[in-house]
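Labels run A, B, C, D, E and F following the written order; every chain starts at residue 1.
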Amino acid sequence: MSDDKIKIAVFPGSFDPFTIGHESVVRRALDMFDKVIIGIGFNTTKSRFFSIERTTEAIQRVFKDTRGRVEIKVFKGLTVDFCKSENSRYILRGLRTAADFEYERAIAQTNKAMYPEIETVFLLTLPQHTYVNSSIIREIIKQGGDASLFLPRDYKI
Amino acid sequence: MSDDKIKIAVFPGSFDPFTIGHESVVRRALDMFDKVIIGIGFNTTKSRFFSIERTTEAIQRVFKDTRGRVEIKVFKGLTVDFCKSENSRYILRGLRTAADFEYERAIAQTNKAMYPEIETVFLLTLPQHTYVNSSIIREIIKQGGDASLFLPRDYKI
Amino acid sequence: MSDDKIKIAVFPGSFDPFTIGHESVVRRALDMFDKVIIGIGFNTTKSRFFSIERTTEAIQRVFKDTRGRVEIKVFKGLTVDFCKSENSRYILRGLRTAADFEYERAIAQTNKAMYPEIETVFLLTLPQHTYVNSSIIREIIKQGGDASLFLPRDYKI
Amino acid sequence: MSDDKIKIAVFPGSFDPFTIGHESVVRRALDMFDKVIIGIGFNTTKSRFFSIERTTEAIQRVFKDTRGRVEIKVFKGLTVDFCKSENSRYILRGLRTAADFEYERAIAQTNKAMYPEIETVFLLTLPQHTYVNSSIIREIIKQGGDASLFLPRDYKI
Amino acid sequence: MSDDKIKIAVFPGSFDPFTIGHESVVRRALDMFDKVIIGIGFNTTKSRFFSIERTTEAIQRVFKDTRGRVEIKVFKGLTVDFCKSENSRYILRGLRTAADFEYERAIAQTNKAMYPEIETVFLLTLPQHTYVNSSIIREIIKQGGDASLFLPRDYKI
Amino acid sequence: MSDDKIKIAVFPGSFDPFTIGHESVVRRALDMFDKVIIGIGFNTTKSRFFSIERTTEAIQRVFKDTRGRVEIKVFKGLTVDFCKSENSRYILRGLRTAADFEYERAIAQTNKAMYPEIETVFLLTLPQHTYVNSSIIREIIKQGGDASLFLPRDYKI
C-alpha cells in the first residue's frame, strides 16, 4: 500500500442547500477515500437561508446508509486548517462548468500555496446534474416553487 | 479500508512530449493511488513528433525513483478498455485551463456513459505549469528553440 | 401551420435599466413570435436602482411603434409560472458572452427540468452591443456619468 | 399572425455523424418552425468519416415520423446562400458548452454581417446530451468501440 | 518619437488589498510608460476591508524605490474622467483568467465607447500569480489566516 | 523619459488574411509605440491560403499612410528570437474572446519563460470586430463568398 493511514477527504462548502449533485460527488468519492467529512463552513458575515443545524441533520439522513464513512461537521476558519485538524490531506470538490472551474482553481491554488501537502481532488458532476446549483435552488424556494427535484431523496429541510 | 484491492489509476495521453506538468500530476497522484499507469495511446491516424519507443524510454527514466509504482504502457483502442484490462477504475487527468476543462469534461462524461464504474479524477497543474503544453513545446522544437525548461529533468529525447 | 395558436415569447429580466441590447433582441424576436411579453421580475429581496413603475413606462415608450405586439408586465414568482399564466411556451433570452452563456444555461436547464414543455430560445446580441450591461450602466449613472449611449432612443428614465 | 409565410429553419452542419443531441434540437425546433431543413454542408477539402449519401439516408429514417416537416438536403457554398435558396430566414443551432458558444457566436455574427435579414436561433442541448459530440463519437468508432448510445434509435449507419 | 508628451498610464482598482500580482503589473508597465498612476477608486456604496488611507500608505511603501514614477491617488467618479484629469490616455489592467477577461473586456469597451481616445492596455499576470485575488485574500484574513505570501514584501497593512 | 531608445512592438501572426481587426490593433498601437513591425511567421509545415508575397504587399498598401512607422517583415523561427533581432521588447496581440485569451496566455507565458525581458502587450479588438477571424474569412472565400467586408479598405489580394 502507498499509505498505511486511512485516506480522509474533506468536502467543504456552505451546502445551502445540499443538492443531488453534492450527494453524487460524495458517494462516488467513497470509492476512493476511506472516509469523507462533509465540512459545513461557518461564516459569521454571510447569512444562510437554511440554518446550519437543519442542514447538518438533513445531510445526516441522506448518508445514514454509509456506515459512518460519511461524517458531517461544522467548521470555522480556513478550510486547510480544518483539513489539518481532521488529519485529511485531500479536499474534494465537484466541477460542473468552466466558470466553476476558474473559481475552484483559484481557491485550490491558494490553499496549496499555504499548505503544499494538501491536494484538491476534483470529480465531475454527472451530466444531468450540471445545472443544479444551490443559489438557483434558493431562488426557486424564495419564489414559492418546488425544488425537491434537485434535492436528495431523504433530504427534508 | 474501503477497498481491499490496490488502487490503480491510468494516466492516458499522447505525451508528445511528456512535460514537467505531466510529471507533477503523476507524482502527486502517487499519494492517492498505489500505482499509476501512464498509458501512451497508440493512434494509427495521427502521426507523432517523437516516436512511442523513445517517449516510453524517456518517461521511464523520469520515474526510475518510484520503485515500480509508475508503469509506462502503450495501448490501442479505447481508454476505458485499457483501464479494464489493467484493473483500473480511475482515469487520472490534469487540468490547466477552462478550455482544457470543457474538453476533458466531454471525454470523461463520454467514458462514464460507456463504463459507469470508471471515474475520472482531476488534479490541477501547479500555477507555474499552467501554460506548459505539449503542442507549444513541439512548435518550439520545430522552430529550433530550446524547450528543456518545460521537460522533466531526466527526460532526454 | 405547425401550430394554430399564436406564438408568444416571454422575455424576462430585471431591466434595471433596459438597454439597447435588450431592445434589439425584442425587435428581432418579433419576426419569430407573434407577441413578446417583456416580464419585469418583481423581487422583494433585491432593491432596484430605477423603480418598476418608471421602468415599465420607459420600456412602453420604446415599443409604442409595435402595434401592441410587445407588452410589458410585472410578475412575481417563478418565470415558468409567469409563462404558463401568459400561455407562453417560449422564454426569450439574449446571449452576449461565454460567462453569460454558462449562467443562462443553468437557469434554462433548471426551468426545463421543472416544466419540460417550456423552451428557452436564445438570440445573440449584436456585436456592437456585446459589452452593454445593465450593472455597468448603473455604475456609470451612480458615478455621475452619461449612459444615454447605451439606452434606447426613447428610453427616458 | 406576424407573418403569412411559413417559417422555415435551416439546421446546418456536417453531421458526421448525426447524434441524439442533434435529433433533440430538431424535434424541439418543430414546435417553433413549420419546417426544419437539415442542411448537410458539402466540403471538398474536408474528408468525411461517413459518406454524405449514407448520412442523408440515416437521418431520413430518424425523422420518417414527422410527416415531411423535416427535410434533409445537401448544400455547397455558404450557409447563408443555402438559406436564401430555401426561403429560410432562420439558422438553427444547438448550444452545448461555453467553448461551443464562442465558436457559434463568431459564425453567426459573420453570417449576420453578410446577410442582416438572417437570424441564428439557438436552443440548448439537453443536460444529458451536453457531452455528446460528433468528433468524440468518430474517435470511439475508429478505436473499435460501440457508439450506439450516442446515436438516434433509428440511425443505422 | 511618436509622441512628445510623456506617456502616463492609470492603473485603477479598489486594491483591497494590493497584491503581489498588482505589484508585478505596475513594475513591468514602467518599461512602457513614463509614469504609472495607481488610482484607488473611492466608492461610497461599497464598504472596504482596509481603509483607503492605510491602503494608500502601504502601496506608497512598495514603490518608494521608483523615484516618483509611480504615484498613488484616490479618485471619485468614472475612471475615464480620472484619466482625463491626469492627462492619461492609457488604462492599465492585468489579466489573470478567462473569467477576468470577459469582465475586463466589458468595462474597457464601455470606457472606449464613452471616450474613444482612451485605450486599455493589458498585461498578463505572471503564472505564479494567476490565482492571487484580493477577495480570496480578504477571506483568508477574515478567517484568521496569514496572507502575507500574497502581498508585496513592504506592504504592511 | 523612461527610456531613451525608441519603442518597437512586434505584431506576429500568419495574417492569412490580414483583417480589419488586425488593422485596428496596429493603428491603435502606433499611439503607444514608435514603430510596429508586422511579423509574418513563415511556417514550412503549414500551408497558406494566400502566399506570403501577396500578403506582404497587401499589408504594405494598408499602411502606406504611416510614414514608415509600420514595417512588414517575414520571419522564420521563434517569435522571441525575431523580437531580439529587431531590438523589440514588446509583442503586440489583439484579444477578441475568452477562447482567444486562453490560447494567447499560454503562448505569452511560454515566451516570457524563455525570454523574461520580453513582454506581451494586449489590446482589445473593437466590439464590431470581435467575430472577425482569419479562418472564417478563408472559409467564406473557399465557398465562393465575398469577404471584402472583413478586410481593410486597401487590402487587395
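In this section, a contact is a pair of C-beta atoms (placed from the backbone, for glycine too) under 8 Å apart; a residue touches a chain by one contact, two chains touch by 3 or more.
These numbers were taken from a predicted model, which means no experiment stands behind them.
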Shortest path length from chain A to chain E (each step joins two touching chains): 1
C-F against E-F, pair bridged by the larger set of C-beta contacts: E-F
Counterpart interface for D-F, drawn from C-F, B-E or A-E and sharing over half of its contact pairs: A-E
C-alpha-based rotation, chain C on chain E, 0 to 180 degrees, nearest 5: 120
Computed distance of Cα centres, chain E from chain D, in Å: 46
Between chain A and chain C, centroid-to-centroid distance (C-alpha), Å: 35
For chain C, residues contacting two or more additional chains: 97-99, 102, 105, 109, 113, 127, 130-131
All chain pairs that touch each other: A-B, A-C, A-D, A-E, B-D, B-E, B-F, C-D, C-E, C-F, D-F, E-F
Interface residues, chain E side, partner chain A - complex: 97-99, 130-133, 136, 140, 142-146, 149-150
Residues of chain B defined as touching chain D within the complex: 45, 76-78, 81, 98-99, 102-103, 105-107, 109-110, 113-114
List of chain F residues in touch with chain E within their complex: 1-3, 6-7, 28, 30-34, 69, 89-90, 95, 98-99, 101-102, 105, 108-109, 112-113, 119-124, 126-127
For the chain C and chain F complex, residues of the former touching the latter: 97-99, 127-131
